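Chains here go by letter, A, B, C and D, matching the order in which they are written, and residues are numbered from 1 within each.
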Amino acid sequence: MLTVFLQFLFSGLTVGAVYALVGIGFNITYNATSIINLAQGEFVVIGGLMMWFFSESLKLPFLVSVAFTIVTAGIVGLFMERLTIKPLKNPDLLLMIMITIAVSIVLRGLLMLSFGKNPYVYPSFTEGEPVSIYGAIIQQQTLWVIGITGFCIIVLFFFFKKTITGKAMLACAVNPTAAQLVGINVSKMVMVSFVLSAIVGAIGGIAITPISLMEYDKGPMLAVKGFCAAIMGGLGSNRGAVLGGFLIGILESMTAGYIHSGLKDAVALIILLLILFFKPAGIFVSKTMLQLRKF
Amino acid sequence: MLILKNVDIFYGKIHAIKRVSLHVNKGEIVTLIGSNGAGKTTLLRTISGLIRSTNGSLVFDNLDISKQSPDTIVKKGISHVPEGRLVFKPLNVEDNLLLGSFNWYSFKNRSEIKNDVEMIYSIFPILKKRKKQLAGTLSGGEQQMLAIGRALMARPKLLLLDEPSMGLAPIVIKEIFKYIVELRNTFGLTVLLIEQNARSALRIAHTGYVLETGRIILQGPAEDLLLNKDVQRAYLGRDVDYEI
Amino acid sequence: MKKGDSIAFFVLIFLIILLPVLSGSTYTLTVGIFSGINALVAIGLCILMGYAGQVSLGQAGFYGIGAYVSSVLSLHIGLPIVISTIFAMIVAAIAAVILSVPALRLKGHYLAVATLGFGEIIYIILNEWGPGGPSGFGDIPHFSLLGYTVDSTTGYFYLIWGLVAAVMFFSINLIHSRTGRALRAIHESELACNAMGLNVVALKIKVFILSAVYASLAGSLYAHYVTFISPSSFSLFYSILVLMMVIVGGITNLWGAIIGAVVITVLPELLRRFEELDVLVYGLILTLSLMFFKKGLVPILIEKIKKLRGFAVAKH
Amino acid sequence: MLSIKEISKSFGGLTALRQISFDVKKGDIKALIGPNGAGKTTLLNIVSGIYQPDNGEVIFLGEKIVHLAPTKIARKGISRTFQHVELFGNMTVIENIMVGRHAKTKSGFFSSGFKLPFVMKEEREIQRKSEEILEYINLGHRKDEYASNLPIGEQRILEIGRALATEPRLVLLDEPAAGLNMRETRNLGEIIKKIREELKITIVLVEHDMDLVMRISDSVTVLNFGEVIADGTPLEVQKNPEVIVAYLGDEEDIPRGYNAHT
């Protein structure tokens, strides 16, 4: 009994960790621009596929591959912002979101051209026996995924709560005019937020690929799940995204395990709807806060 | 300190500011009065770099600022307290103040920044009481003080104030004007002030300019403007006759 | 109806009558039919979003309800298709009420996710419990009315575009009425609307129902036209596609919904020649058109016409 | 006409209003003044149904209205304007007024869509009435401009016009003179007086511009920290020492700063 339960729990935590990272990625751009960047899922795919390219195809050492992958993703984020977001002055929010969808289609097209439609995989970061807890098996890579997610969360939490740059980013979304007037280079902050969110997404992709494989069109699914995670916890709250991500991951794996795999998305969505209907701003965002922000 | 020469600004096709020239000398309080839509706010936003002028020159401390970005202009020493205060509502009071020091914020400056924050708290003690409160939950007067405090955190040489008295109770308006004078007297701050409340503005100012439909139509020592019949009729209302 | 709308309306009728005559090619008409079906969904979403300011990412759900309910009722119970289509519209309307009462308290991104959740739940239901499961089912009867069965491509073209014209007529009248004004006012300030005594909640629910009914109608027509349906046509992807149509056409103008639907339906067909590159080119065209025609195709076109006219008047 | 009876309201522990009571007489212009954060706008929001008070009653024309939704209260005859103008900015001036006619007209979703004859008749009626109101508030010449393009002074007046379109018995004005200059404020005062005298509409006014308040109001209630500290005619209130300390400031005007210190 317990063994099976734990097994589902661990697999839920693994997927949930990636959802959480995607959710945080959404929050980073949202907190700096109020834009929901729906190409967020593609960043994860880029992470997985580029990591395969550097480590398997080019046979570069592990850490070098990781570094190159992160840099690549950062550059993609940078180009995306400079080419599509920055040129638009006083944009309409809905339009911006549609543009991110259009960009995600472009990225998918590029990924398909370069990698084809096959799934890719590479070995776990460390070799070694899986850990067993009460009979439930945890792959070492699972521990990596959870550990890396935790690390990212702590770093980002520190960045947004404790550093002036983090606060300045938030200020940019709240009121770009006022942000400029206190001397913040808003355009630069927006750029940094896109680069940062791309990197966070790519890290998720690097970590998860050995477990769940990666293919060119996985982006939209990840984006939707991550978006749900961010909304569930309350948009803009990283704690919320983490909780939402893990909750969705665990609900999915429990439903798939105990009820029926076809319903795994439904249960998570129903919980999401219930949360929204009873707490319209998500778990961690207060009503006052929602009123103080425009979106 | 700040010299505008023949500045033209277009908003799309609208010629919002027409050949405006203006001087702000160091240590002065200069006020710009005029009716709504005359272009006062536009002019201020141009000085702080939010809007680009089409023609003319804007020189601050012997430096051409007409092509500079807003964040560079803040670094050069101009701080702008915008109309409607525009505090960062979802952030708390202290974070709002800290962000004011963004242009010179660094780890090694942190003790100095802390001192500055304390100094702002000593000017506006109410802000200290509210320091952990979200800025959006403050009253109008408190938000105005926070906006001024945030601008001062940038350590400006020139402070641009856009309608600081708007929507405030009479007693608070008096207080805000008192603060403006105090800032000028104790810190030698130069102030360019836009006001609907023309009488109060002219009372504390040294020089005044009157802007109508994008043009400067009158200028001179504030005292003279207070006595000027046209100004009295248009901007000061009836009470001025017996008051002076 | 205003003058511009009347002209546009006559042009629409004219094109509808003329197109099958000018181009008999089944392929053209088929693409035309799908454009018309999408236009119906897009018009509903345009009223909902462009006028009332309520985002929806769940239109595929209502579209799916229309297709499945009408197909099942006509195929398995043998109801006349007009009746089954109307029945499907009623089911969609009920679903819209159930969803909108809690969801319309939400705003912006939160509302988008709530409607997205609804659409996905419908999709999962169709997958799990719909006839044929994920692989769908066929043999759905063709559309018939008063004993006359529509089974030719031309017939369907006239039927569907006839309905588009009718729906457009109704919608244009609606948005130029007292109700349409109220919807736009809600978009601008709910606070002020309440203070004016407008029943904001009721209006929002009504417009949500309207968009659901349009989508359901489109879904029924789709099912009876292609005679085979599977859940994959009713996924989130479709909701996003409709959203794209409305934005590309121009969210502030109902004609934009029709133009956007046609453009987004025809574009992939034109891009077939690029084979492997089609996704990339499609994405690039979308990105660029969104960036350079920010307001959408129709509003920009109107501006251009106005400018030309102004120019002509100035010359006289 | 309107009685506020022992209204209390607090937000998360902070008391905004404590046992507030006062009456507004039919046909009066009642001014509500007090420092920022004294609870004036909160009180307006309670009367118009946006907030529910923790305690107390609001009685309008003999009827308790605190439990009613804003829409219902508006339909009972209380209309209002907002501190931060809440016009429909992307709609034209006339359309703004026409929305104000909404609650007084009937045609529904379907009859509008099918353009039935009575819909057309009603639409013409709305149009005519709205033009009349525009003329009344001297904004006829702005009819087809977008509301957001008007200068703030005219926006404030348009907002009052929109409130009039609902045919109210009582209008609540929240800082109508904020951001207006002397001339515009004068003009606004004339319109408010005209509305009271010609249309017999009762007015409750929250305002900081003392010139305006003293010139047009019949009675003034002063709030401070959520309590009524004075209630009376403008002259009485102006002389009340408590009001001077809390709100008006001492006789001394703005210090002649620059001149005084150099």
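Quick note on the criterion: a residue touches a chain if its C-beta (ideal position, glycine included) is under 8 Å from a C-beta of that chain, and two chains touch if they have at least 3 such contacts.
This structure is a prediction, so every number in the text was calculated from the model and none was measured.
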> So which chain is farthest from chain C, going by the mean of the CA atoms in each chain?
Replying inline: B
> Using mean CA coordinates as chain centres, what's the chain C-chain D distance in Å?
Replying inline: 42
> Measuring from the mean C-alpha position of chain B to the mean C-alpha position of chain C, what distance in angstrom results?
Replying inline: 51
>> Report the inter-centroid distance (CA atoms only) between chain B and chain D in whole Å.
In response: 30
> Roughly how far is chain A from chain B, going centre to centre by Cα mean, in whole Å?
Replying inline: 42
> What are all the touching pairs of chains?
Replying inline: A-B, A-C, B-D, C-D
>> Per the contact definition, I'd like the list of chain B residues that touch chain A in the complex.
In response: 48-50, 69-71, 74-75, 79-80, 82, 86-91, 95, 98-100, 102-103, 105, 134, 136-137, 150-151, 153-154
>> Going by the contact rule set out above, which residues of chain A touch chain C in the complex?
In response: 36, 84, 87-88, 91-95, 98-99, 101-110, 112-113, 220, 224, 227-228, 231, 235, 260, 262-263, 265-266, 269-270, 272-273, 276-277, 280-282, 295
>> Using the touch definition from the top, list the residues of chain C that touch chain D in their complex.
In response: 170-171, 173-174, 177-182, 184-185, 188-189, 191-200, 206, 210
> In their shared complex, at which residues does chain C touch chain A?
Replying inline: 49, 55, 102-103, 105-110, 113-114, 116-118, 120-121, 124-125, 127-128, 236-237, 240, 243-244, 247, 251, 276-284, 286-287, 290-291, 294
> So in the complex, which bits of chain B are touching chain D?
Replying inline: 28-29, 35-37, 139-142, 163, 166-174, 177-178, 180-181, 184-185, 196, 198-200, 203-206, 222-223, 234-237, 239, 243
